[in-house]
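Chains here go by letter, A, B and C, matching the order in which they are written, and residues are numbered from 1 within each.
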């Protein structure tokens, strides 16, 4: 099974470890044995002017996943929304009202589906590929989350090169490591069976430290600075 | 404390990682230091014609645990049903209605207790051993689950020997390993303090691969084939 | 960020692994990189006559944290109560009624705040330090919990020296190790990013064994005896 999935993660933090805005949306192609991505792309947001409501993230994720799907022709596209694996192209207002989600979630999806349903329908008509709202149950979505964290680390490295230093919060229970010429990241939850990722990055001349976010258990902070 | 517990787990998977039916019910005797079983027995089901409602599993588990309990005389028998540790022999209709479980759960137990209550009562009258519905809180039930996964791996090996290859899904966050003459399995959750198991098995001439089930995070797939 | 936090944990167990009473309240000073305490103090309770309702624990925790805070002047004090990070000094009856917690929780806090609000207010007026009810989300509270477990191990060692042997239950998913001249403890959850602690203790002439509590998954039992 070849799966394209996407997720948004990684936050710029202020001095009190409070998130200012999200940084990276990653889309990944995941193939057997489903432990890492065989291809990944990223779309960076501006964390200084970020829509924290979550709607922008879902749209960005759907668009980026679609872009990678058209290129790589997977069997299915996984979106990080926990609607029980329903196909996005079938999300009309009646179906949304029948979902077992909160009223607030329904309001968000009545709005979102105006953008996403036509896109998912077109993808399906053009390629036969379904886009499903499966959420964190999907290992591919979790791998996308880990890559969002790794790309966030690269953003932080580039930001520190220009602005001396910065701190970012990684997605849940994952670590990153700056290595010569690349950034490696992995899940800190061994129950997930060894999920990891790696991207190329210029890491020379950059110092870094990784430690637990004291205010949000199981989330790590990456601090990077120009040496 | 000597505990007998039982659980059902391991599923035959189709090509899309969808479960077709469950494979193994295991009963285990667990003694201090409570990390593995000092004795285990198995009852295999036919995954191609499996009652997925769960009632068959609970009955199989109770009967298999009772069989091992009559042989090994433990202090208590643990059943994988989360009814707060209530004694099965006391489960009359009034008590079931008073439980804090869903209406569906009550309907199932009104039905189940017709079979199980007399058996639990007889076990208690004959031996003084209580059978309690404690669920996954019990380490012994979790060890039974791990053994169900290990026996599932042996089933897969034997199936592949006859039918060339197969894929099975293991119980939650556990891994297995085919070793010469045996199959070893262990919990992937270090918070459980190192739970594991091992059984004898002919593993020669069998190839295998273990990887995350892409559709169900924290569950592993075991693929085995005749070499 | 310098944080003082406190928590109560560790239970004396009877022969059936049932808790008799809690043992240790620990307060810790946690500083970057937030993996252990740079200072810790303990208040032992009498587990043989322990108020299991939880109110005594919260009061002990607040008083002990305050004591350490007056000495070490942290930026903030974290209390193990999940009220969304609200400041204790602002907890009047109207605010408590507006919290999204159970009616039972509200009754407890209407009672507790009579003692705690004036103390938190005085701490804030004297030092500018806020005491907030953040709960287990705080890494500092989790480190306090780990230290409560380590101090519980020391209590068990001293108890065994006088009374030959004893068994204690540690806080959730943590292990301890008796080493020459000290006791080391650490989280068993790697998602927490490597939390640990160490205190001095006379461990000579003491045997010990650590194993899973068979009745409460992810909790460990420490058994110690005079050799």
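Keep this in mind: contacts are C-beta pairs under 8 Å (C-beta built on N, C-alpha and C of every residue); 3 or more make two chains touch, one makes a residue touch a chain.
Model, not experiment: these values are computed from the prediction.
Enquirer: Please decide if copies chain A and chain B contact each other with the same set of residue positions, more than half shared, or with different positions, and reply same or different.
Expert: different
Enquirer: Give the rotation angle, in degrees and rounded to the nearest 5, that superposes the C-alpha atoms of chain A onto those of its identical copy chain C.
Expert: 120
Enquirer: Determine the centre-to-centre distance between chain A and chain B, using the mean Cα coordinates as centres, and give it in whole Å.
Expert: 36
Enquirer: In chain C, what residues contact two or more other chains?
Expert: Only 189-190 qualify.
Enquirer: Which residues, counting only chain C, touch chain A once they are in their complex?
Expert: Residues 1, 3, 30, 32-35, 134, 136-140, 142, 189-195 of chain C touch chain A in their complex.
Enquirer: Along chain A, where are the residues that touch chain C in the complex?
Expert: 16-17, 172-173, 175, 188-190, 209, 211-218, 220
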